[in-house]
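In the two complexes that follow, chain A is the common piece, with chain B as its partner first and chain C second.
And now, the complex of A and B:
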């Protein structure tokens, strides 16, 4: 057994058992049985976890509410007029000084729910399957210490910001946080999850989010990975959508040494609509790996998956998307568009859209292209007096336009654009461009 | 100094992908002059235009070009533009996601910066651009679209002229700006070009048709063939070409 596995098992044993202990033990047993994924596993072909497996991890320490947190403020704070809901080293900061609840929004700590009503909570924690992708989610089920339950009961205008903050505690630390989002029929909300870490030792953040959309409800969800250069982000997002519901999802990878982001969406009612967008930046030596699967389990549902990846230096981005149309899901419409832009000869981008269709009368399209900056476009801009660095930034920015323009929260978009621009050459000029 | 050349091309030779295209071009363009270059398809007219603009795919193998006394070929493409060289492309590229108005403003500011001028005031810029668009009979909605994105062939050509009017170049090389234009659009484009004519500016029109030259009267007409200028004359040469084609000139060379 690898050092990492041993340390995970030890972490669970060392903790005082809570009322979810049986589920945790079962999840850990299964996780240890399967082991960490390796490059022989279909969806882990491009991401080598050997370095990670060799490390013994310790639980990130609980930090007193409010302490040291100002040092790592979320640059997405301006996206919401309310104070963010913070999850620091896996612990939800609720209670004293907690953000006030807004009409239509209920926020609870999973830790307190586990103590008060474990049966109710257990019903809500999604079962993790035995697939390659979901092993980390299995580990999260075993080890999450706390997290947020968020319920939306009516149309909510102002975006809700959840900040996952990792503060390292000396040695290699692991943080397992979980978020459960539920809507009532007809409710709408924008939820932003911002994953950040303060500078320090390498933190492994293994988070999981579930979104349950009731009939005719709608959520625009963002997950933004922006940890420091040593951080590992592993995140599993599960979405289930009832009849007529709508999910607009944005996955933004802007930080961390390694980002592995999974998405599994199940369209579980007629007319459900799912649009996911990924904006993946593999700069420096960052490694970004996304696996997104949309399952059309009901007729007349629609889905789109749009990914835009850029890579420079020795960066690497992998984007695997898949649409599965179950038998009986007639009238399905889906589209997968994956594009990559290579900015250096040593960078690498791999995209692979897949389709698995078991129904008739469906319209499923997919396309994937990866290339360099278009020399004709480049020359056109130069010939108008624009300098090379600025022209390059403009074209990169233009390449990401399809994802950026899809964001309907202007404040979130503006904050994300600012962070993005800071990563591109000639940032000042681009600020003006917007 | 009267008669001073804006552009002097001497014995210019260039190749692309190992294939020799320009085979010794000599051309002198004086201040305030309008030159027309005509010639068969594939003879190298666009290649000449692109080499002058600084396209790197073309390898200059000999000869030289001076632009207002400077060594043009030693300058980067963006420096050439800022120094007052403008190329109107035969096939303007579409750049989705880069806003048309933004490009115009950035281009203008790049030029102003070189001239030691401050950046253009946002309000002033908008007024300028709206006036020029009206003059070119272009819908203002084009401003907020991506550069040439979804523009019709004629709209792209108008957009090239609009950029030229905003940038007020010292020398404009317009590569088949008249191709694909309906008769009304041709008049608008000609009006745009004529409005720029002046003692300080020079214009090179690459065209296949006498029609354009009915609206923009050239001072000199050159026939381009197989990578060089075979014959030069005044505007009557264009008319002669229109009725007789190119064969008589090419045969003349062989004889």
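And now, the complex of A and C:
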């Protein structure tokens, strides 16, 4: 057994048992049985976890709200007028007593729910299927100490910001946080999850989010990974959508040494619509691996998957998307578009747009391209006196625009745009073009 | 609609036309596989020591390997000890020197198949190296080819007459460790075809081999090696039919193509092996490794395949594009009906500068069948200016079939351009309606639409095969919409 596995097992044993102990033990048993995924597993063939497996991890310490927490502010804070809900080193920080309630929004800490009503919580924690892709979610089930339960009961205008903050707590700490989002029929909301780590935090962040959409409700969900260069983000997002519900999902990878973002969406009612968008930026030596699976389990559902990947330096970006149309899901429409931009001879982009179709009355298509910036467009800009670096930045910015334009929260969009531009040369010039 | 679906049933229910067994005495080894069997095969074929050593090395490696499980096909475990690994038809003389000396029953078999050897050869100008089970029994047009300097013979003959070519090239494209089925083939391959086209020679005719599996419980392990030297070009056709059987038959062939500077190889296949009956009983397991290597500058390898048969197809004809400016092409139509399962596609490995590849794959699923396209496009760091275009489309007929698309694109050079597009749909109601209201019958309309769907591939087939391929498609699918 690798050091990491041993340390995970030891972490669970060392904790005082809570009222979810049986579920935790069972999840850990299954996780240890399966072990960490390796490149022999189909969805992990491009991401090697050997370095990670050799480390002994310790639980990140609880850090009370204070100067350290306040200093690590989210650059997405402006996207919401309300104060963000913070999860610091895996512990929900809801302030003293109950958090300030907003009409239509209920926020609870999972730890307090586990103490008050474990049965209720157990019903909500998604049963992890024993598939290759979900081993980290199993580990999260075993080890999450806290997290957020968010319920939306009515249309909510103002985006809800959840900040996952990792603070230094010694070498090789591991954080396991969980977010559960539920909507009432007809409710709408925008939820932004921002994963950040302050400098010096060598953290393995293994987070899991589940979204349960009731009939005719709609959620726009963002997850933004922006940890420092020593952080590993592993995130499992599961979405289940009832009849007529709509989910717009944005996955943005901007930081961290290794980012692995899973998305599993199940369209479980007729007329459900799911649009997922990914912006995967692999600058420096970052490794970004995104696996998005949409299961059409009901007829007349539609889905789109759009991804834009950039790799420079020795970065590597992997985009796996898969649309599964179950037997009987007649009238399915789905479209996948994956584009990759390779900016350096040592970078790599791997794309796998997959279709698995078990019904005949479907319209499914995908397109994927990988290449450099279009030399014709480059020439156009150069011939108009724009220097090469600026021209390149402009074209990169335009390349990312396909995903950015889909964002309906202007504040979130502008914050994300700013963060993207900051990484490009001639950032100031680009701002003028917006 | 119900009368239409009855018609469809009738068409789909057509018995396999080529299903019959010729009663020829077979000289077979008992079922089972160990080193002595490998040695026995080698001994019977009077092979030189280097080949025996090579087979044994492959066999030893095979024993350490596990059968691959990643393909999206399902079948009962194969008992490799229950298969006879050698079967040679017995002929009156050791080696027939002309068609007259060939076993008349064998010739009759070809008659039934609609391939009169001499007639076809004379009319079509095609040299046919007919492989019946495992040993070549008739080879024609040798003189004409010999005059051009082209070596076209059975693999065993090549081992006897040109051992230096075999020793130098065998296993250099598909090494024995490559995969489970290739290793098995390397250990026990019985015969196959060998082609060598010398520098600057354009092969004067299309080369063709008909494979036919005959003896019961006999795995077929063909080995084909084609070498096109500098500036040479050759077009090779391969077509297959097999008699009806209830037991599954294993076929694990290996095809290696080598193209040197400015050489061109075109390899076309029409595969129509027994697909099993309408309940999914029987049929051929077709686990084939086909790979071509463009070793020289400006070399070109083109694969065209029409896959309508076999219960299970596991086949990825690939191109390794090493030479600068070399070109790889893959055109495929795969049809799966009833309980057929096909997992097929290609691999294009771009190593050299300015290498180009094109992939056009059309999959048609009907009945309970599963049709999977699985293709890899890999651009290595040295492949500046490499280009790939991939198009794979699937057509679904009936609500119980499945069509999957699993492309893999791995790009490690910023100067490369890789494009992939795919679509999946059923036959459009509007297209059908258009044809019907112009008085075209439903079956003809579907036939037309399917032909149109596959046109991009059929136009790549040599003329002789294009006709056969169209016929095959209509037999398999005509009117399969309901």
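In this text, the second predicted complex is superposed on the first by the 427 of 434 C-alpha atoms of A that agree within 3 Å, B and C clash if a C-alpha of one lies under 4 Å from a C-alpha of the other, contacts with A are read in each partner's own complex, and residues count from 1 in each chain.
The criterion applied here is as follows: a residue touches a chain if its C-beta (ideal position, glycine included) is under 8 Å from a C-beta of that chain, and two chains touch if they have at least 3 such contacts.
In this text the structure is predicted, and so the values were computed from the model without any measurement.
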Item to check | Overlay on chain A: chain C relative to chain B, clash or fit | outcome: fit
Checklist entry - Does chain B (first) or chain C (second) touch A:13, or do both, or does neither? => result neither
Checklist entry - In the superposed arrangement, which partner chain does A:361 touch: chain B (first), chain C (second), both, or neither? => result second
Checklist entry - Which partner does A:124 reach: the first (chain B), the second (chain C), both, or neither? => result neither
Item to check | Touching partner for A:62 - first (chain B), second (chain C), both, neither | outcome: neither
Checklist entry - Touching A:347 in the superposition: chain B (first), chain C (second), both, neither? => result second
Checklist entry - So, A:399: does it touch chain B (first), chain C (second), both, or neither? => result first
Checklist entry - Touching A:385 in the superposition: chain B (first), chain C (second), both, neither? => result first
Next on the checklist: Taking the superposition on A as described, I'd like to know which of chain B and chain C A:50 touches: first, second, both or neither.
Outcome noted: neither
Checklist entry - Using only C-alpha centres after the superposition, what angle do chain B and chain C make about chain A, to the nearest 10 degrees? => result 70
Next on the checklist: Of the two partners chain B and chain C, which one touches more residues belonging to chain A?
Outcome noted: C
Checklist outcome for this item: Smallest inter-chain Cα gap (chain B/chain C, superposed on A) in whole Å equals 13
Checklist entry - Which residues, counting only chain A, touch chain C once they are in their complex? => result 42, 46, 327-328, 330, 340, 342-372
Checklist outcome for this item: Within the complex, chain A is touched by chain C residues 70, 381, 394, 396-426
Item to check | Of all residues in chain A, those that touch chain B in their complex | outcome: 374-377, 379-388, 390-391, 394-395, 397-402, 429, 433
Item to check | Residue ranges of chain B in contact with chain A within the complex | outcome: 53-57, 76-78, 80-82, 87, 89, 92-93, 95-99, 102-103, 106-107, 110-111, 146-147, 163, 167
